[in-house]
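Shared between the two complexes below is subunit A, which has subunit B as its partner in the first and subunit C in the second.
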Partner chain A sequence: MKFTTRQLVTMAVFGALWGVVEISLGSVLHAIKIPLTGLALSTIGLLVALIGRLFVPKRGSTFFIGVIATVLKLFSIGNIVIGPMIGILAEALVAELILDIFPKPTRLAFVLSIAGAALWTLIQPFVTGLLIFGRELLPIWLDTLDLGSRLFGLSSQAALWIVLALIILHLSVGALGGWLAWSLGHLVSLRLGGHSPEAV
Partner chain B sequence: MTVSRLHPSSFQSGRTRPLVGSVGHLAIFLWSLGIVLLTPLRGGFIFACLCVVFLSLLYPFALRRILRPRWLILLGVLLVVSVLFGSGEPDLQVWGMPVSTENVISGIQMTLRAVVILLAADGLAASMDITEVAGLFERAGLQGLGFSLGVAANMLPNLRQSSMNAWHSLRMRGGMRAQWWRGLQLLLLTVLTNALRRSEDIVLAAEARAFRPDRSRAVPIRIGRMDWWLVGAGFVSLLGVSLFIRAFVR
Partner chain C sequence: MKRILFVILVLALSLAACAPKQTVSSGAVLKVTNGTLEKTYTVDDLKALGAAQASDKGVGYVGVPLKVLLQDAGIDPSTLSAVKAVASDGFTVNYDSSVFMADDVLVAYARADGPLADEEGTFRMVVPDQGGKMNPRMLVEIDAIP
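This part shows the complex of A and B:
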């Protein structure tokens, strides 16, 4: 991955913005224990990163932005943050892989990439819980079902419906984020110079 | 926040080269993760204990942080959840509650694993400079990351301040009441536009100093006198642990 000075600075800006979201908003949301904090943070963070992709439409730029945000989160004071760090890196990687399928940035690519990355937040507790903390899958599964039944008011016996509803919720929120990222990215570029970001 | 928190370097013994450098700290982190991942939950108790002792001696500041009430409560919750909701059959009565010995043992081991990871991650974060982390990533193929991280770290306080200013001005003008959705969009637009305008100055400053990412030197990494020994010892011990587990635990 080779970038020009301008591209490096632009990615630094978007990485720092994602970092700000994680450090400021993330700390507040985790402190007040709002459900689906991970989904909200990943969608906002990726929205920022994908606007960055519009300004640096090169392979690897989204992952690069994610790495910057991860390192900033690593060095944020007072917290030991291995979960969010894995989360940011994995989300950036998923978004990057989906974006790389498309030859150039499009609204559909944005929608799919944030939706895919948002889905990761649902899967992550199983992966980190099992691989890193050695937790059994059953308690994580029960936590997920409990969250779903509280959110949707479904009986915890209806496991399939709860999981389906959670998947749809994650995909929808992510897709909305992708849609917004595309629109906002173009608005920002209009404000800055009046031309589309791909031409920058 | 402290972005460029410098390492306390509690292991610096010589004048020129520290005893344990960045490579060593990274090796210790990866070794701890390796031990935790390699050993099965049942039977990995002794290895996790050894890891905790080793990391506590190496990073006493990380141990002090874990002993704060907030972390103790979190770890306690992890233990209680594993004891109460584990899959083992109850064979004990504790305060009138049926408890399974198997769940208690699994819970303790799970908590130990969490402690190992927390100690290793905190130790790594506190022992390495942000630029050194960038240097490691650069060597892994992300060229220019050191420069970008420097820019990002320096921009962070300004970005936070300008975001807060934009948020307060929007709220004071009632921007979040009637059309909160539009208000949020405007907030994001303002923050992004301001940040990108500021980035223009940084690009000009870098180019004026003839900075070119392809010609820049890679960020130097501190290599301690014990680093390669630690890498070797970590590798050998991981190999030994995996052979031991294959032979005796599984």
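This part shows the complex of A and C:
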């Protein structure tokens, strides 16, 4: 894939915006340890990235935006950023792969791509915990059940219901983010140039 | 635009509704349990158990190794599959045996140079060289999981 200089600059701008969200909001949310930080950040970050996709509707542009955000995350406040960096990169990749199924950006593609990437945030602790942080599977699984138990008021014994509820929650928030990204993208485009993005 | 604002509002309310319930009371007592056995500890109780030291992020802490605390509560740590630390706000983290059997994993009751900071609570976990998520503050309960 080849990008023009203008497209590269546009992607860098949206990548920087995603990176700023991760550095600022991400650092605060991780520090105060509220639940679903990853879901909130990935939805907001991908919302920015997918608005960028409307301006550069080419294969690879969303992933490229994610790479820029990942690099910026290096400058985050705090000690360990490897997890969030892998998260950003993986979310961008998942979103990119889903977007690439569609010949051109559509609202459905946006909804599905952020929903898919949001689902990754549920899976990520298992991947990074096992492969990077050297944790065992059982405590990660128990952490997930505890999270669901606290969020939904379910007994931690009801593993199936907790997992289902978490999946539905992640997909729903991601889908809403995708829907919003499509609408906001068009609004931004109209504000900037008075016409819809080149994808439309 | 109104529709977008409405969606943002619904999203924010949905996430707010998912905020964790504050089910665990805070206090100056630490509960150690495995479901059947239960023992509570004050700072003085922990001081009587020992004063091991460990550091995390350059800060030194004084406390009792987690496995020693479990043994004192009548729980054999070698038979456990996991140990859960519960904070006063309901935050939890589960440890595998490589963590809870380590000598330098502490239930801290003080810093090396003085008492714990206010935001750390009466007790906190100290798991050296791990992320903040693995080191909950405001610790109120230790659950042993067979």
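General remarks:
Note that in this section the second predicted complex is superposed on the first by the 192 of 200 C-alpha atoms of A that agree within 3 Å, B and C clash if a C-alpha of one lies under 4 Å from a C-alpha of the other, contacts with A are read in each partner's own complex, and residues count from 1 in each chain.
As a working rule, a residue touches a chain if its C-beta (ideal position, glycine included) is under 8 Å from a C-beta of that chain, and two chains touch if they have at least 3 such contacts.
No experiment lies behind these values; they were computed from the predicted model shown.
Because the two structures share subunit A, they can be overlaid on it, and in that overlay subunit B clashes with subunit C.
Residue contacts after overlaying the shared chain place A:30 against subunit C, while subunit B stays out of touching range.
In the superposition on chain A, contact is made by A:16 with subunit B only, not with subunit C. Of the two partner chains placed around the shared chain by superposition, neither subunit B nor subunit C is touched by A:59. Once the two complexes are laid over each other on the shared chain, residue contacts for A:184 go to subunit B and to subunit C alike. When the shared chain is aligned, subunit C comes close enough to touch A:169, but subunit B does not. When the two complexes are overlaid on their common chain A, residue A:153 makes contact with subunit C while staying clear of subunit B. In the superposed model, B is the one of subunit B and subunit C that contacts more residues of subunit A.
Of the two partner chains placed by superposition, only subunit C is touched by A:40; subunit B is not. When the two complexes are laid over each other on chain A, subunit A has residues 80, 133-136, 138-139, 142, 180, 184, 187 in contact with both subunit B and subunit C. Of all the residues in subunit C, the ones that touch subunit A in their complex are 1, 3-4, 7-8, 10-11, 14-15, 18-21, 23, 57, 81-82, 84, 90-98, 130-133, 136, 145.
Subunit B contributes residues 1-5, 33, 36-37, 40-41, 44, 65, 81-82, 85-87, 106, 109-110, 113-114, 117-118, 121-122, 125, 130, 133-134, 137, 141-145, 147-153, 155-156, 159-160, 163, 185, 188-189, 191-193, 195-199, 202-203, 206-207, 211-214 to its touches with subunit A in the complex.
Interface residues of subunit A facing subunit C in the complex, by the touch rule stated above, are 30-31, 33-36, 40, 78-80, 83, 133-136, 138-140, 142-143, 146, 150-153, 169, 172-173, 176-177, 179-180, 183-184, 187. Those residues of subunit A that touch subunit B in the complex are listed here as 1-6, 8-13, 15-17, 19-20, 23-24, 48, 51, 55, 64, 67-68, 71-72, 74-77, 80-82, 131-136, 138-139, 142, 180, 184, 187-188, 191-192.
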